[in-house]
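In what follows, structures are represented as structure tokens.
One chain, chain A, appears in both complexes that follow, with chain B as partner in the first and chain C in the second.
After this line comes the complex of A and B, so read on.
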């Protein structure tokens, strides 16, 4: 049956925008660059998937005829975004041609029948728990930068580890990420009882899923969430996202934390430290972005050298009473961590030049960053 | 023919194992194997002459070496130590000539056509250098002396250990003519088998073939074979040769789609490549897989990591991943190869990013 409907331009544009990251992946299956349009009585149900993350959104509209088609996602998004007028008219013609009318513009786009489009994963309608979405925004933002790239050899590190914990004083959710050289942990207490969250022993959310989860939360105040055997389902009244979880083991991060001695402490003003690192980074060499930290009681000198450009030196007042230390780090690791922190002063615990450095801040409850140094 | 050059190829005898035996009297006169643990997937990096008597040789799987000689002493390589000794040996060479091209920690070409002692006799100079090495390090070396790299390298293996072979320019032709084809540098097992099927069994047979015919059968390598059959090897001794990559490949006796077999082969190739990298004390950041299909279409797939890799496990893992991604399992494969790039001498004092001391739970 050939469909025929009118929808609001802005709503369609926004929702197509949400789908773009998912549908525009360069892949092998041409169908995945399309968005599935299912025109039903209340409006259009739009679906996009890259087989790892699937997203289904409802666009309300005035429907004259129902029907189903798939259409290139990026093209449709561009047409809608650039169109004048408030309303968009979509109509299916013979041989799967779609005519899109907006104001005085008319476009004809070749659609592809929906038979080849992957089926949206099934999920259980029960077992959802409601959360304020800022909780997940915060969890993701504090760990997303240290997820390993796809080339990482410990495969599980390409995902975020998700954990829940019930302590005496309440319920906690936790995300942990590591690229093998640094580790980020973010823990948040939640008002909701987490008992109903059905986590498996090791719950791994792949990086792409974490990115899309973040985007989903960005556009909404509250979300409902359910973990199933192999997938995470997130939804609100008009959208559902299904994220495929990865299987595997995650390294035992707690033993790293336990091994860090906390008696040698530095207190460093966060913003001046961050700015100083950014300046010094101009003179670091690619890949490793090495800086030297020369730490003495009361001061820290940051230096870097670039074989072709020159060198940089910066000095910072810090609170420190221990012995002098010479350390080397990838300064990007510090920049990434300091950027997501909020405390005025960060506390750094460094024991020796070969052991991990732990960062925390009084106004960053639940956040821990661990960074391994470099060595000559 | 006679280029007038005098080239010495010096090859330390069982270098790593000899250092271990010298440093640790307990190991002397015993079969010593430097390499992985017998239970590991590692290979023999070096073994003492006592171990060789059991049929053990380098690049053999440690597990097999253990079966051949369970009482052998398995020693974990101490690369820093070998590197240190190697530097002393290279410093010895510098007393005689600046034209030294190290091939690895324990092997080098020396162009002594003009040397610092103004010694005319290459043979005498080779003896002097080998004696110098023994006095200063307590280790023995073997040397091959001739007028080019190709012959010098083969010659150094003739009187191992602790021996010097001289192939004068006038004897080069005769020497090459008598060499079995599989001992030619640059002729692998598959090429050797192919040559034998064509009736080429030694240097003399090879010489009977025209340049054109060799190129028809062996591609551009044919040109190289044509030249070396005539003792022509003009490659200079290059003191600044920088290795950009290390690779190994194998042409299969029969084209196949057998993934299990190919993976096994890939592992063996990776082990060979890794052994070479290890010998040079190189780390690597890039792994490249090469596949040639039955129809001669060739593909390469690379993966580069942000950190420097060192371990054989990592190399095999990346190579296998590339292999799984590259092959559709339907096309027959004719050649498989693996190479590593973005090499970096581990000791070049570049800072190294340390990893978190993770343990998988």
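After this line comes the complex of A and C, so read on.
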């Protein structure tokens, strides 16, 4: 059935924008570069998927005829973005041609029949729990930087571990990420009862899924969430996103936390520390980013050397009363963690030069960062 | 009644033949070995058909008397070992006394032989294990073996033979192998009326190998005999892609062998000079005291066991590396030194008055010494040049100002083609250098030197990894603890063969810790499935690749000259770390041919 409809340009442009990261994946399945358009009575349902994340959005419009087709996502986005006028007219012609009219411009786009498009995953309509979206924004932002890159070892460190916990004083959601050298944990207390969240023993959300989840939350105030066996479903009134979950094991991070002694504490002003690290980083070796921290009562000296360029040294007043220590770290790891923190003063717990360093802050409730040292 | 019976001797011999005499080439092998053990100086092999109708091996060795002729056909009749003690240190090629009775049991065999001090010789005829005649006869000094109707009584085995071309090729290869292993012995192989192999006394190994691998005219000579494990050989430069003739032939104490350990060691020694999927060609012989190697492990003695295989591996790797280093010197002398007739007065050595003073002193920055301060400065200067946005303001290109051509030692820079190939003249040849590959190797060696100099930072792991090692690997880890620590690994024992990997080199951020560890273990001689991977080298190579000038980066004359200077000073420069050649030489004579000039 050949469809024929009018939609609002800005709305279509915005929603196509949301799909761009998902649809334009290089691959062998040509259909995945397309967006599925299902023109129904109330408007167009647009679907994009890269088989890991699927997103379905509704664009309201005036529909004369219904029908379905898939067309190249990026081309459609560019057409709509560049077009003049308030309204876009889409009309299906013979042989899957689609004519798009916007103002005085007319485009003919070759579509692919929708039968070839991967089916959008089924999900259970019940069991959704509503959350304020900033909770997830915050969770993701505090851990996303330490997800492992494409290399994968025995653990599924390329994903974020998602956990819920009911404590005496309320319910908590938690995201944990690690690249094997550092660990980031973010915990948020939520007003909602989390009992209904059907998490499996190890719930792993892949990095791409976390990024898309964040984007989904950015554009919305509240979201509804449901975990199923192999997927996470997020939705609001006019959009549904299905993220496929990873199978695998995540290391027992709690035992690492338990093993860190917290009696040797440093209090470091966050912003000066961050700035100092950035300055010292200019003189670190490109791959290692190694800095030396020389810590004494009341002060910390940060130094770095580059074999070809030279060296840098920075000094910082800190609150510390313990014994002197010589430490080595990848300074990028500190920079990443300090950048997402908000406290004026960060508390660092370091025991010896071989043990992990734990970072927390009074104004960063629920956030913990663990960084492993380097050795020479 | 007892079910177990002792097999008749003829049957036992046939069974042994099944192992020893697999195909005509095996007969040739056994007979040649006998001749060599008899001290022959000239061995002639004649073959007709696929070797099944006739194989005749004529030698001028010490020969046998009439009694020995009969005894040698007895199973376990041998002159080569006397007792158990000699089995532990075998100096001859044969020793079991199995070959002749085995061959005799599956063919018609005639042996004619005469001792040097005897007026007449003797001959014995044997058909499928039964001695038919034995009598005196006239014969030249030495022994002549004639094997006819091979496998005549074992049709099943005969069916397994391939085409006569294939069988001839196997015989051909067998003779070539021994011709290489015994350069002092002359070999002639006649197949039908054709002389297939002719190796005279006065041909040394190099000449013989050239005869076998015709495409190569210079070989990399491996020669390390500074310990009781001597490694000698000739390897084709890795950029040569060769067909079947160009395989790697391995020898241990004069015996052609197939050995994965040795093959691996050769490749390891050549690592970063061989492209992926490229195979090496040439020959390599390991000579070691006879009690250090057990040759009695394979029926056809194609495999050997080393008493201390790790040491052998290390010696071979070292010898090949050393040879490659030597080869570079040779290439360097060829390219950069001043023995060509040159229109430009060449400076002595490489001390070309540098227009870029930073480069002096960068010679010290070699793999042995690690990075020196000067070396680092040179590296810095070099990088600054590569990315100089003001390239256009450098002095004009050499070819723009022919009046004052830039030279490096004897290399006259002509210019750069397509911003990738530096063209130079060296005497009567045209030298083409891939600028990217050239600098890639230089940077790679610098990175490697830094890495190996022990300035390696270890990144401790948040989740230490438990690894299971084989007992052998455990031993290796224990023995190389200090080296591993220097390389940036933090490993500790966790009982028996379980180890905890708690830290890895910070440099290797993107490599999975476990794979990296096994990769490095392999360098110490571990026999894991990770054989042949060089994760660290690969990573350094890709870093070097990123840092090096690219195709399309325009180099000014000074920059080209600086690059050539660095090449002239570097220990290794002939191939990029992925094994692609850096330098190509085209002789004037070749160019003349293109234009039909005489």
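Note that in this section the second predicted complex is superposed on the first by the 374 of 376 C-alpha atoms of A that agree within 3 Å, B and C clash if a C-alpha of one lies under 4 Å from a C-alpha of the other, contacts with A are read in each partner's own complex, and residues count from 1 in each chain.
The working rule: contacts are C-beta pairs under 8 Å (C-beta built on N, C-alpha and C of every residue); 3 or more make two chains touch, one makes a residue touch a chain.
None of these values were measured; they are calculated from a predicted model.
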Answer with clash or fit: chain B and chain C placed together on chain A by superposition. clash
Is A:259 touching the first partner chain B, the second partner chain C, both, or neither of them? first
May I ask you to decide whether A:309 touches chain B, chain C, both, or neither, giving the answer as first, second, both or neither? second
Looking at the overlay, what does A:373 touch: chain B (first), chain C (second), both, or neither? both
Using the touch definition from the top, say if A:149 reaches chain B (first), chain C (second), both or neither. both
By the touch definition at the top of the document, which applies to A:181: first (chain B), second (chain C), both, or neither? both
On the A-aligned overlay, A:288 touches which partner chain: chain B = first, chain C = second, or both, or neither? both
Which superposed partner A:249 touches (first chain B, second chain C, both, neither): first
Have a look at 383-391, 527-535 or 581-589 and say which bit of chain C overlaps chain B after the superposition. 527-535
Residues on chain A in contact with chain B in one complex and with chain C in the other? 149, 151-154, 178, 180-183, 251, 256, 287-288, 290, 328, 330, 354, 356, 370, 372-376
In their shared complex, chain A is touched by residues of chain B numbered 303-307, 314, 317-318, 349, 351-361
Going by the contact rule set out above, which residues of chain C touch chain A in the complex? 371, 376-377, 379-380, 383, 450, 455, 457-463, 465, 490, 503, 506-507, 509-514, 543
With touch defined as at the start, can you tell me which chain A residues reach chain B in the complex? 149, 151-154, 178, 180-183, 249-253, 255-256, 259, 287-288, 290, 328, 330, 354, 356, 370, 372-376
Touching residues on chain A, where the partner in the complex is chain C: 149, 151-155, 178, 180-183, 251, 256, 287-288, 290, 307-309, 328, 330, 354, 356, 370, 372-376
